[in-house]
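Multiple structures follow.
Shared between the two complexes below is chain A, which pairs with chain B and chain C, respectively.
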Partner chain A sequence: MPVAGALGIEAVAMTKRFGDFVALDDVSLKVAAGSFHALLGENGAGKSTLVKCIMGYYRPDQGAVIVGDRERSIDNPRAAHALGLGMVYQHFTLVPAMTVAENLVLARAELPAIVDWRRESEALEGFLARMPFRVPLDVKVSALSAGERQKCEILKQLYLERRLLILDEPTSVLTPPEADEMLGLLRGLSDRGEITVLMITHKFREVMAFADEVTILRRGRLAAQGKVADLTPDDMARSMIGAEELTAAPARLDRRGEARLEIRHLAALDDGGQPAVRDLSLSVHAGEIVGVAGVSGNGQRELVEVLAGQREASAGEIRIGGEAYHATRDEMRRHKFSCLPEEPLRNACVGRMSVAENLAFREFDRPPFAFGGVWLRKSRFREEAEGKIRRYRIKTRSPETPVGMLSGGNVQRTVLARELGERVEVMISANPCFGLDFSAVAQIHAEIIAARNRGAAVLLVSGDLDEILEIADRIVVMFNGRLVHETPAGRADLVEIGRHMAGH
Partner chain B sequence: MAIAIGDKLAGRAALGDRLRQAAEGVVIPTLALIAAMILFGIFVAVSRVDPLELYAVMYRGAFGTWFSWQNTLTRAAPLILTALCTALPAQLGMVIIGGEGALVMGGLAATAAALALPGAPPLAVQLAMALAGMTAGGLWIALAGGLRHYRGVNETISSLLLVYIAIALLNHLVEGPMRDPASLNKPSTRAIGAANMIGSIPGTDIHWGLVFGIIAAVLAYFLVYRTTFGFAARIAGGNMRAAKVVGLAVGRLVLAMCFLGGAAAGLAGMIEIAAVHGRANGNLAAGLGTTGILVAFLARHNPLAVIPVAVLLGGIGASGGLIQRRLGLPDASVMVLQGIIFLMVLASDALYGRIRFFAPRGG
Partner chain C sequence: MAVAAAAGTALGWWGVPLGVVAGAVRVSTPFLFVSLGECLTERSGRINLGLEGTLVMGAMTGYGVSYLTGSPWLGVLAAGLVGAVFGATHAAFCSLPRVNDIAIGIALMLFGIGLAFYIGKPLIEPQAAMLPSINLGWWSSVPPLRDALRVNVLFLIGVVLAPALVWGLKNTRWGLILRTAGESADAALALGYSVNLIRLGATMAGGFLAGIGGSFLSLYYPGSWNERLSSGQGITAVALVIFARWDPMLCFWASILFGGAGAFGPALQSVGVTEGYYLFNAAPYILTLLIMIITCSPRRTLTGAPAELSITRS
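So, the complex of A and B:
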């Protein structure tokens, strides 16, 4: 029986290089046993790299890890597990088709060839009785809500007798109440000295409410470290961003016009043929940003795919400017339709084609790119691209670089430059800032608001409620394929929205 | 000024990346070819034949003399066209392996067109044959494309199965409705007539099919890389979801690309009739379509690269007779070599992006 109780950990002067790129530069981190430590930073700041070095996924070029009071060399995740370190990921690692009990038992490192399920479930009941929260053991994971699944993930770590939990943005798929509940449980466990928590996050609210200490990384270096009680969110934000100039969002003009995009009784099926969007009606007016909030997986993706032309609607209709809309190229042009889908490399770009070519996807069959609508004029691709690369600050080595080699922010800037290059009247945008750094987010938000000010009807679907609260004029909540709540952004009530996101 | 210089440097770096990328596309298939030759060398060594002597004989049989060159180029002509049947739909990310079926249908339709126009001027007959052959082959592969796009049927399987249907149709027609009663040993249709044959390039024994093949490959290259149609196809082939987001009519692209690929193979069938056999019979299904798949894959589906690769494969085929006579190996041995090459080329696909030297340095 291994020693129980929380485990302290210290990373000393960790450095990790990938080729010429220094992902982690001489970062030290000390997490006291039984504390709740937050690791803050923008995307690409080195948070994941640091954690992966601790967990043995990466081998640091320099530095050491001290677990408890001894220096340990952790060569692979199994070694980390043996020391009592466990990790909970942003995405679930449970097998959906199995019950909770099966998932827990099968996660064990050593499993007998024949599992005596009766004895195991007795042992599990005994284990659960000691836990501060319960989950139903005989239910299939696929039937659990996101919050319950995340609880199972934590329970699994405790069942495996991990004494230090590293959580990588554990609340990103949860509603605010679910997130609070889960973090509260973790907080309780650490207060009782049962586990130590190291949580990667980018949400200040969670840091302020639950963490004792915080470490902030910026561009692979240690930017700040200290007790949460001594810091304000503003201090933390400054440490995260540094002296970088952010694009200021333009002032919002009140230019709400006629209904431009109308969705009537729309229904769509998901990939498995199950209803994903059910009888959804919504109109977006000119000069308005409508934010669609909701926990991901409630039909938002299918809704966006129908609007973008990637999926057939099974019922209902879409009208733009009073005309029926079927996402053909002609209609997109006539209605000045543009789309910023999520995961731009998967949805809006061809990774092996160049930046210049990707920038021309909307216009390549018209002058100046094409001669007579048939013959491509290669030189114009480069010229047009150079202007857009400068205007949208796309960091690329040349217009001929394959877009797949750019960083996420620059791929999204490329799509932004293409989609906003011409006048826009209708814009569909889905998680446009997912995984991007502050400067890219600020620029994208500023461009979306500018398009709105010019009279565009913008539909913004986002899993990030803060993003919606920040730039939407009107908020609707999507749950189980339907819109269940609507409120003007000015009078939005976070509790009310959270309740509807969870389907209550 | 500084920016301009920076741009120029960046341009040069990108050029370096492009060269590295192009080199990757040449070096890896070449490595696959060499690996296949080593394996085949072991295979013949087991039969007590010296591999080095074998390759020397093969070289002479394929490229050693003017006679062998003519043989090689004659064999290469239909391979260029059937390779396009795989290479063109491949731009859309489709794997079509039914070139043989399109060739057979093209040959049948061309024969039917010639037999339906007795007494017409030869040029008109030849044009009608080419049109009929291309249409039939094109529709045959467009059928596989349509099944894929509108019904979700895997195009590789359907195009392969369509080959068997085409061959069954050929057998049915040449043994039944279209049979020439005078053809006793080998059921065939009536001959299209010597006047309607397309003949050879003057001063050679190479028929005009080679010229048609080269023209088709060059046209295909420009279609893919220089026209808006090809650009749209490359978007859809690179990422179907992105193509839909920008509103491209993907279904039309699929049908058109498959039709063009099938039309190339259909033209190969027409040439087989009008330049070689003079009538349709079982000889039409001689595996040219199948070898075309190999050519397309070795050429990485680049229509221009198809030409030299077809010549290479034509040469391997041409050397079969000589290695039989000189080394006592069955002439089907070259089919073994072809098979090994195909396996190696498919396996070498896993190497792309893995060899550090070819990795782009841009950022």
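So, the complex of A and C:
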């Protein structure tokens, strides 16, 4: 075990290629011991690739890593762990089917041949008692909410006594208060010289509030580096996107029409068979965005899944344009229904199929993509895909690249391009900006508002209250499977909403 | 069948449950070993459909080695080792990029069966030393009862092995690492384990057990080597794993159930019921279907399925 205390790290002239694509081009990064360093960049800029090279998850084509004051060759994550480096990955790496305790013990470097669970539990309880937040030990990770999982990931790193912690977008699944609590804790640890933190994020607010220094990447190259105190969010934004223009949101038109999507007394069960959505009624009008606020894990996921046809309702009904709706493919097409689900790589894409194929899912079996309902025209797929890739600025090497190889943000854009590609009349969108950089967020918000202005009924489910306040016309709060509060966005009272989100 | 027929005369209808119990123990043993092996392999995130081939190879090897050395236990060991080699071959092919484990499994199944028939030709005639059994019915004077309680040693090993695997998957380093590879390859990688290496180990262990299951066929019951030895027990056992929700203990009960249902037809026949004989032979399959229908629900996802299996992975 390494001695305690924060560890400095330096990556020198890192280059990483995937085939002939250069994901990282001669990037250097220095993180002083005990500092809190932020790494910024657009989706696909190479942030995750850089830290994965440092952790030995990828092998860089060129470059070196200096840990403390010695150059080290880190061939795999175990070598990095042995040096005291730890990482929380962008996609969760807890094992969902195992309990929290199993996950924590599993991560230890010297896992005993036979695990004495009584002793381990006692040790874990002792450790948790010293921590500012808790997670239940005997619950399977799959039963935890996203926020709890992220806490668990961080607790795991602290439990392993890491001296340098790399976090890849740790707050994208947390509510702002949760994020502040967690980052405050990490900041405290780095102030006391116990750990060094290197954090990837898309949120300037967090950089300004918690980081000492910042490094900004653009298209695989180093774009800027410096002390946070010397920079403004505007400076950082400019370094991130260079000369690119931000998409401006269109002005809101008042086009509120008849009730388009009506949900009546809907109930649904979660994977374990427990009630998740209870007697929920809501209607969304044409030309209106209704924002569903709430802490994640209060039934939002199940609600979206029922609307998307991925889960059966146990009671109640859904009507669109006055007709009963059962989420069949045919009805979706007829009502111009589209859906941007959570975790798009899992819920709305086939990772091993190409970008072009994923873009064509809604329409692949109809003209002009197919004739006679059987033959598919690959060339039309490609043309169509190229157009969407350009319009939605999807960073992919070619339309034939498997979607699973895109960076997190670009997977999201791919789904958005498909779902917004045609004229939509009803749109369900769950955390559409999860993990997106600010230029992509601006673009997606603009597209959603544009769809609303064209008369679409939009249901926006989001854990990010700021997002809801920004684009929704009407806000409802979901707690424990029910809608507990409703207010027009113009007259929204933050304190009131916060109180309802917490269930008071 | 001669013994069972005797039961019919001495015990009347009591012969049926006795026959079912004795049959359950006898017939379930190969199911038990193959399904426990496949359970291990699948918990590591890979499906080895080649176990039918491994089973037949194990039967042939066990018989041959027992014949040559005079020791059936050496035969069992050799069968296990050949199974492990088959497992290693499967794992080696699967660790290549863009290779599908199911396709490789089918190829290895056909290869194993073909190879066993080819090498095993000269073994059809000679008589090899058989595996011993333990007589748990010594206290009884009723011959059919004594016969039903004559239990083979491999079955007893299986009885111990199933709970041992349950315990091991939960409480040992190897168990935890194996489950991690099966539930989330990403998590295993992030922890710094080689997923391919873990799956190699699990597939070899699975092959070892399947090989032993095969040696039971040739060295105990039916107890000879010929080309009609296996009637798809290997494939059935793979299906049993799904049925048993990837739990070794449930694999045990499922094997018993399957063995017992398989013995139902012959047991009935032995007491003179011959009508609908073929229908009763289908009992195991009807039973499986029924249980599947009762326990499955479209509202819940298949619980227990390792998330990395190529059939469940999304």
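The definition used in the following text is that the second predicted complex is superposed on the first by the 292 of 504 C-alpha atoms of A that agree within 3 Å, B and C clash if a C-alpha of one lies under 4 Å from a C-alpha of the other, contacts with A are read in each partner's own complex, and residues count from 1 in each chain.
Simple rule for what comes next: a residue touches a chain if its C-beta (ideal position, glycine included) is under 8 Å from a C-beta of that chain, and two chains touch if they have at least 3 such contacts.
Computed from a predicted model, the values in this text were never measured in an experiment.
In the superposition on chain A, A:L253 makes contact with neither chain B nor chain C. In the superposition on chain A, no contact is made by A:A13 with either chain B or chain C.
By the document's definition of touching, neither partner reaches A:A237: not chain B, not chain C. Legend: residue contacts after superposition of the two complexes on their common chain; A:L494 is shown touching neither chain B nor chain C. Looking at the shared chain after the overlay, A:A143 reaches neither chain B nor chain C. Of the two partner chains placed around the shared chain by superposition, chain C is the only one that A:L111 touches, whereas chain B remains out of contact. With both structures placed on the common chain, the touch criterion links A:M98 to chain C but leaves chain B unconnected.
Contact with chain B, but none with chain C, is seen for A:S398 once the two complexes are overlaid on the shared chain.
Within the superposed three-chain model, A:G309 lies in touch with chain B and out of touch with chain C [touch as defined at top]. Residues 346 of chain A lie in contact with chain B in one complex and with chain C in the other.
By the touch criterion given at the top, residues 308-310, 327-333, 339, 341, 346-353, 357, 361-362, 364-365, 370, 373-376, 386, 396-398, 400-402, 405 of chain A touch chain B in their complex.
Interface of chain C with chain A (complex): residues 171-174, 176-177, 179-180, 183-184, 186-187, 189-193, 298-301, 306-307, 314. Against chain C, the residues of chain A that register as touching in their complex are 57, 76-81, 87, 89, 91, 93-98, 102, 105-107, 111-115, 117, 269, 271-273, 312, 346.
Looking at the complex, you find that chain B touches chain A at residues 7, 10-11, 13-15, 17-18, 226-229, 231-232, 234-235, 238-239, 241-242, 244-249, 360, 362-363.
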